[in-house]
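The block underneath contains the structure these notes are about, expressed in structure tokens.
Labels run A, B, C and D following the written order; every chain starts at residue 1.
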Amino acid sequence: MIIVLKPNPDQKQLEALKKWLCEQNLTVHDSLGVNNTVLGLVGDTTAVDTEMLRAMSIVQDVQRVQEPYKCANRKMHQTDTVIDVGGVKIGGGTFQIMAGPCSIESQEQISEIAVAVKAAGASILRGGAFKPRTSPYAFQGLREKGLEMLINASRQAGMPVVTEIMDISQLPYFEDVDVIQVGARNMQNFELLKELGKTDKPILLKRGFSATLTELLMSAEYIMAGGNEKVILCERGIRTFATDTRNTLDLSAIPLLRRMTHLPIIVDPSHGTGIRSLVKPMALASAIIGADGLMVEVHNHPEKAWCDGQQSITPETFADVAKCVRDVLPYRCREEIE
Amino acid sequence: MIIVLKPNPDQKQLEALKKWLCEQNLTVHDSLGVNNTVLGLVGDTTAVDTEMLRAMSIVQDVQRVQEPYKCANRKMHQTDTVIDVGGVKIGGGTFQIMAGPCSIESQEQISEIAVAVKAAGASILRGGAFKPRTSPYAFQGLREKGLEMLINASRQAGMPVVTEIMDISQLPYFEDVDVIQVGARNMQNFELLKELGKTDKPILLKRGFSATLTELLMSAEYIMAGGNEKVILCERGIRTFATDTRNTLDLSAIPLLRRMTHLPIIVDPSHGTGIRSLVKPMALASAIIGADGLMVEVHNHPEKAWCDGQQSITPETFADVAKCVRDVLPYRCREEIE
Amino acid sequence: MIIVLKPNPDQKQLEALKKWLCEQNLTVHDSLGVNNTVLGLVGDTTAVDTEMLRAMSIVQDVQRVQEPYKCANRKMHQTDTVIDVGGVKIGGGTFQIMAGPCSIESQEQISEIAVAVKAAGASILRGGAFKPRTSPYAFQGLREKGLEMLINASRQAGMPVVTEIMDISQLPYFEDVDVIQVGARNMQNFELLKELGKTDKPILLKRGFSATLTELLMSAEYIMAGGNEKVILCERGIRTFATDTRNTLDLSAIPLLRRMTHLPIIVDPSHGTGIRSLVKPMALASAIIGADGLMVEVHNHPEKAWCDGQQSITPETFADVAKCVRDVLPYRCREEIE
Amino acid sequence: MIIVLKPNPDQKQLEALKKWLCEQNLTVHDSLGVNNTVLGLVGDTTAVDTEMLRAMSIVQDVQRVQEPYKCANRKMHQTDTVIDVGGVKIGGGTFQIMAGPCSIESQEQISEIAVAVKAAGASILRGGAFKPRTSPYAFQGLREKGLEMLINASRQAGMPVVTEIMDISQLPYFEDVDVIQVGARNMQNFELLKELGKTDKPILLKRGFSATLTELLMSAEYIMAGGNEKVILCERGIRTFATDTRNTLDLSAIPLLRRMTHLPIIVDPSHGTGIRSLVKPMALASAIIGADGLMVEVHNHPEKAWCDGQQSITPETFADVAKCVRDVLPYRCREEIE
């Protein structure tokens, strides 16, 4: 960490600052310039609060040299983390597709889709039981009953499931769920993250609408610091001025995250664009760019879907997407990133 | 609501769509153009899912004419809502200042600040006990103990308090809290909003980092639809490419919100800028533009603050801000907005 | 075009509006609802100023159904436009790579790079002579002399060139230039666009930092309306809150633009990310997603480049990128987009 | 400037870097840490290209301590710059209002508005002759003829004028223009800025849609480095995800710019919001926050305006705005900013 002091800092305050830094087990190196003094800190600065330093009247700027995340940091864990989800391995060079409807609507619906997406190449079934909807008047999901249907469907089809949790109080219902999803709106629901850190379930953590990559990793760190290292990251689009798509899918995040962390990273092209016809091109781009998998919304009757039908594709289209993705996998860009 | 159909829509699908719309108690008006047919819907469209309509293959676009929020809508409730917080009235032409530290650090600290900000003109004491921090390694607040200190301080100073809740499970601790704050990161924590809708406490709802004004009002609607109409909105800056400030304080939101809703709207210039020296100018601008109040971070020793010291001002500076704000109140822009 | 009127519009103003619309050769269809009247306009609304309509006190909202661009519109010109650049065909299923240094620094430098990128698979040589730099104190390009060196190098290597124009007054120097580039900062330099519309040179038009896709096409329309239909579009990243990369490369723009327009679309992964190690993954993603080509910065000594060295790759790396791109071309997603 | 090196840098490269830095007349201070070496540079780093440094393989990061602008820097010029426009002083504590129509439409129109806005308190007449319009099919301004009408109107009314230039080639027509405006789309039209730097006319430089404050000042620096120090800055809204307003007016830019530069700063609430009813509240907020003036669109018949009528106010409304602004001026926040 580097602290740039303002010109002519008060010497008493400077001594107090240095003393405090030493008490944090940091070694301080001075660099005296003509206008500004620069302090270089050596040691573990993860727990140093840059806000507090910036608040000091003698400090002009503070810059981290080390990343503020440890458990999630590639530097601390060189090899890719591989997460086993009921026999399905995520990370480390595999490519897994999670597919299913936005909302679980009935046993028939989810069971039918489960069979169809498995046949087409999906390895994990997705489906929403607890649904975060912008409007209180919109369908809020079948909740516990939906979870039951999802698990029934998964057993029939023989594939693990991923589904979203919205609040700590719902955790007891997730016992038979294989992967617990934290949605974009909850990426910084820190109490929920801490609680999930105490479980041993794999967690699918979606990037918030306006989260930086470091913030995403700090949220993963909340889960990991609690003891649960099974975190799967998911890029699902960010909010920008560009509104031709619902969100702007930030594909450069994939190679950047692979350099920053050892955790697996998947892409959700359905929410990331909000447009059915963009799912295939963005899925192919995600595969080629080195993602560890996809999450895709599939509905047997997208036009009758209870939510997000506009971005759902049919099982037939999904089969085509999955096949084309498999075709490009041998050409994936997964080499070492400096 | 207006539905623009694609050219030459399939007639069977069109009939099915019209039938379904009629079943929703909506009257459908056709407008036949050369290229596109437009359907105009008359009736209460609040519960109509525009996503579902857009997913239909014959539909090109859907546009709301009515707002999707009812309880919060100015059209349904012409006069300003006034919320009574232990005798302090918020809304309807008053101007209230909430002030206090980012974090409660000790009984002495919060008690000393409480007395100071009250003397300087604050009418409500703020202070964080449960703290949402980006890093799991940063100070997370004194939690229950902090709440106790806050309430002690408020009783000594004789002023009501506002403090943030982070999870439903903390609700029992908030019995003596006067206003419950929902932070920007939780603006779309819908389960929490629903639960708060069942209480009769005033709720201070902060705008999310990347929330539109309609989304903010839909979140207010979650609380109000549950029966709790005491919602105070708070503009606290949005995330943009402009990083000279921590966030970009969107002051045009104030007059826009006043037109859209009858709920009181306050501004947080401390989080909205993240820079101490901007608190005063942005506070004055908020007052003149017609806000119903302010929320300001005040710390007796900003340089030793356990969080967000960079944006905290001293009680002395706060007294100056409060005085200057009072001076401009007679010139406030509160006239009718078309 | 649809005009939503406010409730109970003044009848005189409404009659005046309808009369004016009829004078614009538009047919007006009324749709009377309970709260709002909606006018549907039939005819060519390209020249109707939506701003003027929105300014009327009886108008609540105006929505275009037809796109405001004609020459660039895919609906008016179903087949892909193919642009011939000295025998190199851009568009219609080909894939062309433009490569070369950010700045031309010397005859030796540009000649050496030209030979290297041609050998590696580039079909067009790029190189900056007039350089838009944020600082007036930074190197501004070799200007006319640079253009001469570029053209010399291109003749030696036997490949056409593309280079940026910054002002109309520079046009005389561009006589021997094969493709004239308009940079992101000049995307809405309308006087320059009009002037380029009078030439018969292919124009490479880069998307502005904060331009929507419709704005990009309107700028293409400026050139095309002047008679020059040879416009190549270029996605090069947009400005968002996400600053891990210099810009956020918006790859979803490629399939969206292919649906909106018949013009060829290329991607610049060098400026789009600003990071050397991201050039290859983003180049592969661009190819697979259906772009018509790439523009890549290549420098024989990136560490000594006079500008943008951080995003330049070596000829050796470029050869690897070009090879990998060729490998994935058979799997490109170029099918019909609804 | 601070250069953070990667761990274990190649010693030869490090020596070469240090040698080169010394050749730039910079003194280099080493700070050796456990993981990273940090170089502190002392001297004038304005012309040092941070891009080039970042491109070096041994460099991890580069951070400026000094600002990259000199002429515009408050540190180099402590007192406010005051610009005299035909006797009207801008900057240094005055408050000037520029008002007039978006477009000049006829001699009668501009003359009538000139008289009206002068009577209401405007000191400078604005009016567009060369109009940057997104669509080539929209009205492009009366151009030279419009300029003549503007100057006639200004002489009749006895007030100086400001109007926009779009291209260097138009400069000869601006001989009688008092202030030349550079629009947001041209903020980085560097060739135009350089040419304006050779004139002795005051330049009104509008912030680009997605420009940082440093970029705005670097564009001012282009003009000033050429010898013309008469630059007036103008905040006019930035492009964000928030689309309730046309742009997001960034009022925190005013106190920030006052700290960074000695140049006067005005606000354009008309373009900054795009909504008529927001002009007054944002004008009052701009005045109270410490701006040096306003630019406001006024039209005698906003509903018949040829462009941007939606954001134009009538002379009557303008008179009310100007009066209310005058009322709050005694309470302006113009004190020293740390």
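Note that in this section a contact is a pair of C-beta atoms (placed from the backbone, for glycine too) under 8 Å apart; a residue touches a chain by one contact, two chains touch by 3 or more.
Here the structure is a predicted model, which is why all the values come from computation and not from measurement.
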B-C compared against A-B, more contacting pairs: A-B
Mean-CA-position distance for subunit C and subunit A (Å): 32
Length of the line joining the C-alpha centres of subunit A and subunit B, rounded to whole Å: 26
Inter-chain centre distance, subunit B versus subunit C - centres from mean C-alpha coordinates, in Å: 39
Multi-partner residues of subunit D (each touching 2 or more other chains): 210, 239-241, 243
Touch-based graph of the chains, sorted into line, ring, star, complete or other: complete
For the subunit C and subunit B complex, residues of the former touching the latter: 2, 4, 27, 29-36, 38, 40-43, 60-61, 63, 65-66, 239-241, 243
Residues of subunit C that touch subunit A when the two form their complex: 210, 212-214, 238, 240-245, 248-256, 259, 272-273, 275-278, 280-282, 284-286, 288-290, 324, 327-328, 331, 333, 337-338
Sites on subunit C touched by subunit D in the complex: 46-47, 49, 51-52, 54-57, 68, 130, 132-140, 166-170, 185-186, 188-192, 194, 208-210, 215, 218, 221-222, 225-226, 239, 276, 302-310, 312
